[in-house]
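Shared between the two complexes below is chain A, which has chain B as its partner in the first and chain C in the second.
Up next is the complex of A and B:
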C-alpha cells in the first residue's frame, strides 16, 4: 500500500466515520452523542472534498463541503440546545433513560 | 394563450381560489361564506359549460415544470369536458343546497373550503393528459372525501367511516401509481395520449399488469366488488357531500379511468371479461343489499354502487358511449335523489325509513322531485335513466356473454323493486311515528328543481353527446365521427327486443312490491338470505378480520421499536453492511 495523498485522506475519512459511528453506538450521554455526530459529519465532508479531487472537479466538491458545513453547524446548535432542554426537563442526559413517551 | 387554455385554468382554478377565500373568510362570517362559495362554484360551472364548445383532442394547456416529469398538460376532450361539467355544475347545485342544509352548523368555512377544493381537483383529474398529475388529483379527491365524511369529527362513526374510505381508496391509489410507473418505464413519459397511441406495440404481459393495476384502482374508487364496503359507511357525511362526492362525481373517477384507458387494454386477454364480471357481481350484490337496508341514505348508497356496476359492465362490453351516457344520467338523478333525501332527513331528523312514512303530504315538492329521480333510477320510460340503462343492456347483449346480460336485467328488476319500497316507506302509507316535516327551503328548491328538469330532459342530448365523444377521442372511436341523431339512437333503443324484455322485468319488479302481501310466503322463505344480505354478505366480517390482524401484528412488532439511539445506529450499520455485501456479491458474479 502506497501512502499517496488520496490514500491517506481515504484512511482519515474511514477513521473519522468509524470513530463517529462507534460513538453513536456506545455513548449514552447526549452531549457525547452530538460530538460523535459531528465527527461523523466531518468524515463525510472530508469524503466530499476527496471525491471532488479524484473526479477532477475540485470546485464542486469544495462547494458541496461548504454547504454541508453550514447544515452541520445548524445540527450542532439544535442538538446542543436540545441537550440543554432535556437536562432541564428530565434532569438527566442519559439517552436510554428518556422513555416517557413509551407505553 | 388561447381561450381554451384560460377556460381550463378557470375550471380548475376558480374553485381553488374560492376554497382559499372561504378558508380565509373564517367561520364567523357565515353570510359572506354563503355568498362566496356559490359564486365561485357557479363561475367554474359556467366555465366548464363553455369549455364543452371548445372541446378538442389536442393538448390545449401545457405547463412546463422542468424536465423530470414532462409537462403538465391538459386536454379538453369529450370525456374530460363532460365530466368536468358534471362535477362543477352539480357541485355548484350541492353548494347552493348546503346553504339551507348546513344552516346553523359550525365550522362552515372548513366545509366550503373542502367542497370547493374537491370540485377543482375533480375537474383537474378528468382534464389532465399527464398520468402523474392525474394521480395527484386522484389523491386530492380521496383526501377531500375523507375530510368531508369525517366532517362531524366529534362523532366516532363519522371518523371511522372517513378512515375506512381513505384506507380502501388508498389501495386503489397504489394500483394507479403502479400502473402509471409501469407506463412511464415502458413509454418514457407520463403522457396519456402518447401511451394510448403506442400501447399496441408494448409487450402483452406488461400491458396486462398495467390493465389490472388500473382495474384495482377503478374498483376501489368506484366502490366495486370486492371494495364496495366503504361507500355505505361514507354516508355519515353531510348529505350534500354524499350527493356530490359519493354519488355524482368522485365515485365516477374509477369508471372514467377504465374508459380513458379502454383502447389500450381492450386487446388484453381476460381484461374486458374481468371488468364485465366485476360490474355484474357488484350490480347484483348491491341491488340485493339495497333491498334489505333500512337507512334511507344507505339504500341510495347501495343503489349508487349498483348503478356504477352497470357503467363498469358497459366499459367491459365496449360501450364507451353507453357507459358515459349512463354516468351523465346517473349523476343527475342520483344527485337529485340524495339532495331530496337530504331535505327529508333535514326536516325529520332521522335516516331510518322505518320511522318515516306519510311524509308526502307534508313535503309535496320534495316528494315530487324524489319520485322523478326514483322513476329514472328504476328505469321507467322517458326518464333519462331508462334510455341510458337500455343502451347499456343493449351493448351487453351484443358484445358480452348472455349469462351476464341476464344478471344485469334481473338487477334492473331488483332496482325497480327497492326504489319503490324506498319511495313508499318514506312518502306514503300511514305515518309510523309522530313527525313534523317541513318542505324544502328556497336554496334547497333552487338546487332541486334544475336537477329534476335535467332528469326529465337530459336524454335528449344523446346524439350531441355521442358526437362530442366520437369527434374528440380518436383512440376510442377510430372510425368516422358519429353523426347519429338523438332520434336515431332513441329509435334504436325502442325497437330492440332487449328493451321490451328489460321493461317486462322492471314491471315484474314493480309488481313484486305491489303484491308484496301475497308474496309473503316467498319473503319468509328468503329471510335467512336477507339477513345474510343485511350483513353485507360477510364482507364486513372480512374487513374487521383484516383490521384486527393489522393491529395485532403491529402490537407484536412493537418490541422492535425500542426508541433507543444506540440500537437504531446499530440497525443502520447492519443495513449498510448488508448493502455492501450485496454489492460485492453482485460485482463478484
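Up next is the complex of A and C:
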C-alpha cells in the first residue's frame, strides 16, 4: 500500500469512523454523544468527497457532502437542545441515569 | 507526502482527544481542531467549496453552539463504569473498521486524472436540486431546534413528577 493522498485519506476516514463509533458505544454524557456523532459525520463527509474524486466526478461528491454537512449541523443543534432540556427537567446528562428514570 | 500523513495524524489525535477529554468545553475545542484539519484534507482532495463550508460551519458555528449549550447545561462528571464492557466495545470496533477497510480497499479504483465534467454549482442547483430543497427543510427544523436551545425554563406550567401538579399554579 503506497501512501498516496487517497490512501492516506482513506485511513483518516476509517480512523474517524472508528473513533466516532467508539464514542457512541462508550460515552454516557449526552453532549459527548453529540460530539461522537459529529466525528462520525466528518468521516462520512471525507468518504463522500474521496469517492467523488476516485470516480472523477468530484462535483457530485461535493454536493452530497454539502447535504451531509447541513444535516450534521442540524443534528448537532437539535441534539444539544434536547440535552439542555433534559438537563433542566431531569437534572442530569447521564444516559444510564435517564434510562433508569423510567422504572 | 509527509504533510498529508501529519494532517491525518493530527485529525485523528484531535478526534481522540475530543472523546477522551473529561471537560466538555475542552472536548468542544478539540472537535473544532478536528473540523479545521478535516477542512484542510477536503481542500487537498480538490473540494475547495466544501472545505470552506466545513471550516466555517463545522469549526465555527457548531463550536459556538457547543460552547453555548455547555454553558447552559454545565459540566457534569460521571463515574468510570461503562455501559458496554471493554472487550465487546473493542471487538465491535475492530470488526467494523476491518470490514469497512477491506471492502473499500478491494474496490479502490485508480484516480482518474482531473476528469470533472460537472462543476460544483451545477451539481448542487441542477443535478441534485431535490437535495437543495431538502436542505432548506432541514435548516428550518434546525431553527426550531435552536429555539428549543434558547427556550427559557420559567417554571410555570412545568410538570412536577413527584407531586403530580404544576408548580406555577400552586396557591
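FYI, the second predicted complex is superposed on the first by the 99 of 103 C-alpha atoms of A that agree within 3 Å, B and C clash if a C-alpha of one lies under 4 Å from a C-alpha of the other, contacts with A are read in each partner's own complex, and residues count from 1 in each chain.
FYI, contacts are C-beta pairs under 8 Å (C-beta built on N, C-alpha and C of every residue); 3 or more make two chains touch, one makes a residue touch a chain.
Since this is a predicted model, take the numbers as computed values, not measurements.
Once chain A of one complex is fitted onto chain A of the other, the partner contacts of A:59 are limited to chain C, with no touch recorded for chain B.
Looking at the shared chain after the overlay, A:25 reaches both chain B and chain C.
In the superposed model, A:33 lies in contact with chain B only, and not with chain C.
Once the two structures are superposed, chain B and chain C can be ranked by residues of chain A touched, with C on top. In the superposed model, A:9 makes contact with chain C only, not with chain B. Contact with both chain B and chain C is seen for A:95 once the two complexes are overlaid on the shared chain.
In the superposed model, A:78 lies in contact with chain C only, and not with chain B. Residue overlap on chain A between the chain B contacts of one complex and the chain C contacts of the other covers 21, 25-28, 95-96.
Those residues of chain A that touch chain C in the complex are listed here as 1, 3-23, 25-29, 31-32, 34-36, 38-39, 42, 45-46, 49-50, 52-67, 69-74, 76-78, 80-85, 87-89, 92-96. By the touch rule above, chain B contacts chain A in their complex via residues 563-566, 569-570, 573.
Chain A makes touch with chain B in their complex at residues 21, 24-28, 33, 95-96, 99, 101-102.
For chain C in complex with chain A, the residues that touch the partner chain are 1, 4-5, 8, 11-12, 15-16, 18-19, 24, 27-28, 31, 34-35, 38, 41-42, 44-47, 49-50, 53-54, 57-58, 61-62, 65-66, 69-70, 72-74, 76, 78, 82-84, 89, 92-93, 96-97, 100-101, 104-105, 108-109, 111-112, 115-120, 122-124, 127-128, 131, 134-135, 138-139, 141-142, 145-149, 151, 153, 158.
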